[in-house]
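What follows is a set of structures to go through.
Two complexes are shown next, each including chain A; its partner changes from chain B in the first to chain C in the second.
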Partner chain A sequence: MNVMSFVYGFLVLLGVFVFQTTLTGLNRKVTARLQKRYGARWYQQFLDIFKALRKDSTSHGWVFDFGVIMALGGIMATVIFIPVAGFEAFPGLDNIFVISYLLAVGMLGMAMSAAGSGNPWASIGVARALTNMLAYDVPLMIVIFTLIFAFDSSSLSEIAALQQGMGILGWNAFRMPLGGIVAVIALLGMLGKKPFDSFIAPTEIASGPMVEYGGKHLGFMFILHEFMTFIEVSIILSLFFGGGATIWEYMLKYAVLYTFMNIISGVMPRFKIDQAVKYFYRVPLAMAIVQGLVVIFTGLGVTLWF
Partner chain B sequence: MVLDEKDNRNVWEKIGDYFSANSIWMKWYCTGCGAIELPPTMTSRYDMERLGMGPMATPRQADVLLITGYLSTKTLRRVIYSYEQMNSPRFIVAFGSCTINGGIYYDSYATIGRLDKYLPVDLYIAGCMPRPEVVMNGFNELIKMIKKGQAKGWKHYQENYEWYKKNQLDSLGEVIIKDEFHE
Partner chain C sequence: MNLTIILAVTVVLAVVSFFITRLNKKAGGFLTVIASLFAFVGLFLLKGSIGGEFSIFYFSFKITMVGWYFALIMVLAYSMTSFFNPFWMDKMMYPGSYNFMYLLSMAGTIGMFFAKDFITLFIFWETVVWSSTFIIQLGKSRKASYVYYVVSAIGSMATLFAIMMAYSVSGTFVISEAFAGLSGGAAIAVFFTFILSGLAKIGIFPFHVWLPAAHGNAPHTFSPVLSGGLVKMGAFIAFLSVTAFPAYEIFSGMFKVMGTPFPIYFLMALGAISIIVGTLMAIKQEDAKKLLAYSSVANGGYILIGILMLDQVGFAGGMMHLVNHAVASAAAFLAIAAVAYRTGTTKMSEMGGMIHRMPVTYIVYLVAIISMAGIPPMGGFVSKWLIFQGLADKGMLFLAAAAFFGSIGSFMYVFRPLSAVFLGQTFTRDLKKKEVGFFMMLPMLILTALSILAGVFPNTILRVITEIQASVGISPVTLAENTIVTVNGYLDAFRVFIVFGFGFTIAFVIFIVRRKSKKVELMDTYTSAEFIHTRELLHYSSKFYAPFERLYDKAPDTMKLYKKIAVKIGELGNLTESLFYGHKPEKTVFWVMITGIFVVIIGGVV
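Our next item is the complex of A and B:
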């Protein structure tokens, strides 16, 4: 841990912002094509963010302002710990527990800020977001614990490295197919894509937690959302799809996975929050438990089984 | 509003106006008529996202307040609240003949005549109703105006607040509010 680590961390933040924002813009185009529209320009997301940062902003008190900064800080700190194709700013600290714990700082900062605005829609949105988190976290954590049990490691880069060099069939998503399906469904929930986007439903609860944000606050929230997307997709990519041997491979896989999520989201209607919870506790939870039992009692998946 | 003033923006304001012009988020205030013209403008037939425009959920997030059709004196109060919640730079686009001079409701006791007396309108889209082509054309014009720094109704509102306030109060009359927030 020296000065270079911090320089590298800064470069990671910059690179992730440019990469993910571009990808979001391209995905707006993909969604538009699904709906037979021409769609926004590929750099539209940059214009939106800089436009929002340029505007004036309304404060709703100290908690509201501080929560935004805290959430952005927490999320940016988490991004630095994510290993990208074997590169790490702080080697040896890319533990899944470190990442999920740091991620909570950002998420709770966002909840604190939204609740600080005093708007009832924001409170409803935050309540739904946390309920949604509880719903997808239980099946996902069972699968992740299965992985940790199987490979005796909780380091993202180590688990990613173990899957490489065996072709596509070496990825955990194919070694443990049920777990892979659970992870992809949970990723939809994490990203807030349809059908699990009831907490930001714009026409129902006026975009939920975001209801009172405008101008610079909203710009920060957009940047935060780009970083959060990167963290969530990266975790699933490293754990189940083999990360990437080179940075280009990583970016390509990342783009494919994220676009796939968007295409699913583009053709789905929206679950009510209680339907989402019921769904997660019925189908993915059962699949996760079956996958765990298979790995523990038969060892299938730890070694290649085909 | 004087539109042909000398352009005295500094370079940062010009860059900011470039971003503002290319990313227009709208709050639609559609309690009059005309809301039905907007879904075709937004979806695959005319696709306003090409120009970087899109609907937003709340006035706080929006740049443009789009007021469609006639405004009754009762809803004028809500429009003013919505406009004052928005963050500047903010723009108003008035849509349909009724916002210009009252339209077919010119002698109605329940609707306002000229919207311009109560809020600073940057752009009118005339017609009863304006079709989606006209709406797109109008927004193209708004984009050009913002780029050139000519859409400064929000500054005009700040500078002439007393005049607007007086008109608003005249129209609304004496208002007695009885609810938990105003006791």
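Our next item is the complex of A and C:
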């Protein structure tokens, strides 16, 4: 751990912010075209964020501010741990459990700040968000557990590297097809995309956790959302789609995966929160367990099986 | 320091505190602080004499590393909680007996962990059970102590049976030798009956019913001890049943699941069920203390699974989770007690927005739940990480699924008191409430600091655990300077903490350089154009996870099943009574004769 690590970490944050915000902007266009609209300019997302940061804001007490800072701080720390095309600012710390639980610090901060606003819509939104998390995370964690058992490693970069050099069929999504499907469905839930977006349902619970934010707090939430998206897509990309050997490959794959998620989301209606739980605990959970048993007892998928 | 002195002083001070409390309630309460702190310091200094053996009267003791480790955790919970005692004396019905029992049960736990033979262990164990039964009675409900006692008694009797059975084979009560020579069916019987008291104490399904009853209804100053301390006695029995009773060797010829003999795997599966049941039940509690009690059930499951793994990684995780859960759960219970001290209730729907009145208590609760939910940079993360890595190494898919479910479910239930009690709208009634005094704040702050330290420098605790692992003959977990290395993973908790601090600093700087925000009142929120002037109505706290709870509200309730069984037993008793003890003596004689003849015939046939 030296000074350079922190400098690299800071650069990673900047790069990720620019990349993901651009991608979000482009995807707003994609969504618009799906809905037969013209859509905003690709850099509209940047304008939104900087405008929010410049405006006046209101605060509902110290926990409202503290939670926002803790959320963004936790999420940024997580971004620094994400390996991008084999590069890590802090080598060796890309343990999958560390990343997925450090992500929870950010989420807890956000939940805390939202509930601290005193608005019941926010609390309802947080309750739904946590329920949603319980729904998608259990099947996903079982699949990740299977990967750790199969490859004897819980490092994101190692698992990504193991899939490279064998062409497309070397990706875990094809070696373990059921697990890959579960991961993609879980990613929809993680990103809060339709059909699993009931916790931010704007027309129903007034955007849930976001209801009281304005000005710089809202700007923080926008930035946080970009970072969180990057973390979630990157985890799935590294674990199931082979990460990327070069940074360009990584960015291309990333853009395709993220846009794919967005397109699915664009044509979906919304699940109620209990329906989402029921759904995840029927199909994806069963698939994850079957995949786990296949890998543990037959070893299929650890070695290439075709 | 000598163990005899520690035990003698605490027992004597227990008696003294009873009489002093008669004279001055507060002084009696302070005496428990002094006595428990004395025991804590004494035990800490005892590390030098590990390996020593001695006897007092009929009791024989052996100072072992694992005993020292357990006793230290236990007395930590006792001594930290004791700071609350002086302030609750006025609310207690029998303050004298409370203080007496408090110190007596502490002495009992210390003696139990250092016992050399099973008779000593059993006597001290029963001292704890009895004295804590009487303390629980002083709380909200008498019935709670019945439930506690019945469950404890089932466990204790089963364990006594196991000890006797082992004695009949080996002819000794000494812990390290008593189980020698057992094999076959007798070994299985001894194993399951011996561990029963441990399961009952940790609150493993189906014995978990006593935790919500006892933790939820015990005096607010005793719940932290119950959850942070006494539950860990069960973990000690679980530890003995895989080490002193070499379960892995004795059952090595049996059917194995993922490399683990079936009897042990069965208990691990019970641990997994406890995690799921505890999590689901905690999510739907309306009382903050009951919620934390069910979370202890879930965490007990992790501890049991970890200890029973008896390997390099998972075992270390289970042992470390003992400390982390003890510290976090004692802190959480103390925070709830502090709130109850000011508001007089633990029901989540009757409070809100306490953060604006009690900010320090809020921070204490926040750190405690971060640790309990296993989120870095607190201690709970490291121990859960070790358990996950251990399970992943062995490929125990179903146990891991339960562990993940409990881990993510814990975000749900720990957030609930945070949101309902501390965040949201402050009730009009509580607008003038103050933070608790410094003396009550002190133990909470110490526990908070310990939670963070355990998460940033986990190797301090893990070094002790490596010694325990070496003493029971398994390879210790690999530790470098600041890092933990396992077969399939690598964790540097200190660097994770530093990077988290780095991210937090950047966020803080961005926040500070932007324009200062305008402070507005909590009631000044978006309400969809409704006019709401009642604070209480603008607070979302009861039935927090209603859509999720609905999914399993028809699930069978264990307590209801037990109640039905109790009713049936009562009816059987009534039937017997009506047959034998009617108004007419000749009827009694008739039935006694019929039964007698029946018994003789059956006896003859058999």
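To be clear about the criterion, the second predicted complex is superposed on the first by the 306 of 306 C-alpha atoms of A that agree within 3 Å, B and C clash if a C-alpha of one lies under 4 Å from a C-alpha of the other, contacts with A are read in each partner's own complex, and residues count from 1 in each chain.
Methods note: contacts are C-beta pairs under 8 Å (C-beta built on N, C-alpha and C of every residue); 3 or more make two chains touch, one makes a residue touch a chain.
In this text, all values refer to a predicted model and were calculated from it rather than measured experimentally.
Using the contact criterion defined above for the overlaid structures, shared-chain residue A:Ile181 touches neither chain B nor chain C, since it reaches no partner. Touched residues of chain A were counted for both chain B and chain C, and C has more of them.
In the superposition on chain A, A:Ala160 makes contact with neither chain B nor chain C. Shared-chain residue A:Leu237: touches no atom of chain B or chain C.
When both complexes are overlaid on chain A, the residue A:Ile296 reaches chain C alone and has no touch with chain B. In the superposed pair of complexes, A:Phe145 makes contact with chain C only, with no contact to chain B. Applying the stated contact rule after C-alpha superposition, one finds that A:Val277 touches chain C and leaves chain B untouched.
In the superposed model, A:Lys36 makes contact with chain B only, not with chain C.
Of the two partner chains placed around the shared chain by superposition, chain B and chain C are both touched by A:Thr58.
In the superposed model, A:Gln44 lies in contact with chain B only, and not with chain C. Shared contact residues of chain A, touching chain B in one structure and chain C in the other: 54, 56-58, 206, 211-212, 215. Residues 16, 19-20, 22-23, 25, 43-44, 47, 49-50, 52, 55-63, 85-89 of chain B touch chain A in their complex. Those residues of chain C whose C-beta lies close enough to touch chain A in the complex are 258, 353, 355-356, 359, 362, 366, 370, 373-376, 381, 385, 388-389, 391-393, 395, 397, 400-401, 404-405, 408-409, 411-412, 415, 418-419, 423-425, 487-492, 495-496, 498-500, 502-508, 510-511, 514-515, 517-520, 522-528, 538-541, 544-545, 547-548, 550-551.
The touching residues of chain A, counted against chain B in their complex, run 28, 32, 35-41, 44, 47-48, 50-51, 54-58, 202-203, 206-207, 210-215, 218.
Across the complex, chain C is touched by residues 1, 6, 9-10, 13, 53-54, 56-63, 65, 68-81, 90, 92-93, 95, 97-98, 101-102, 104-105, 107-108, 111-112, 115-121, 123-124, 126-128, 130-131, 133-134, 137-138, 141-142, 145-146, 148-149, 152-155, 206, 211-212, 215-217, 219-220, 272-274, 277-278, 289, 292-293, 296 of chain A.
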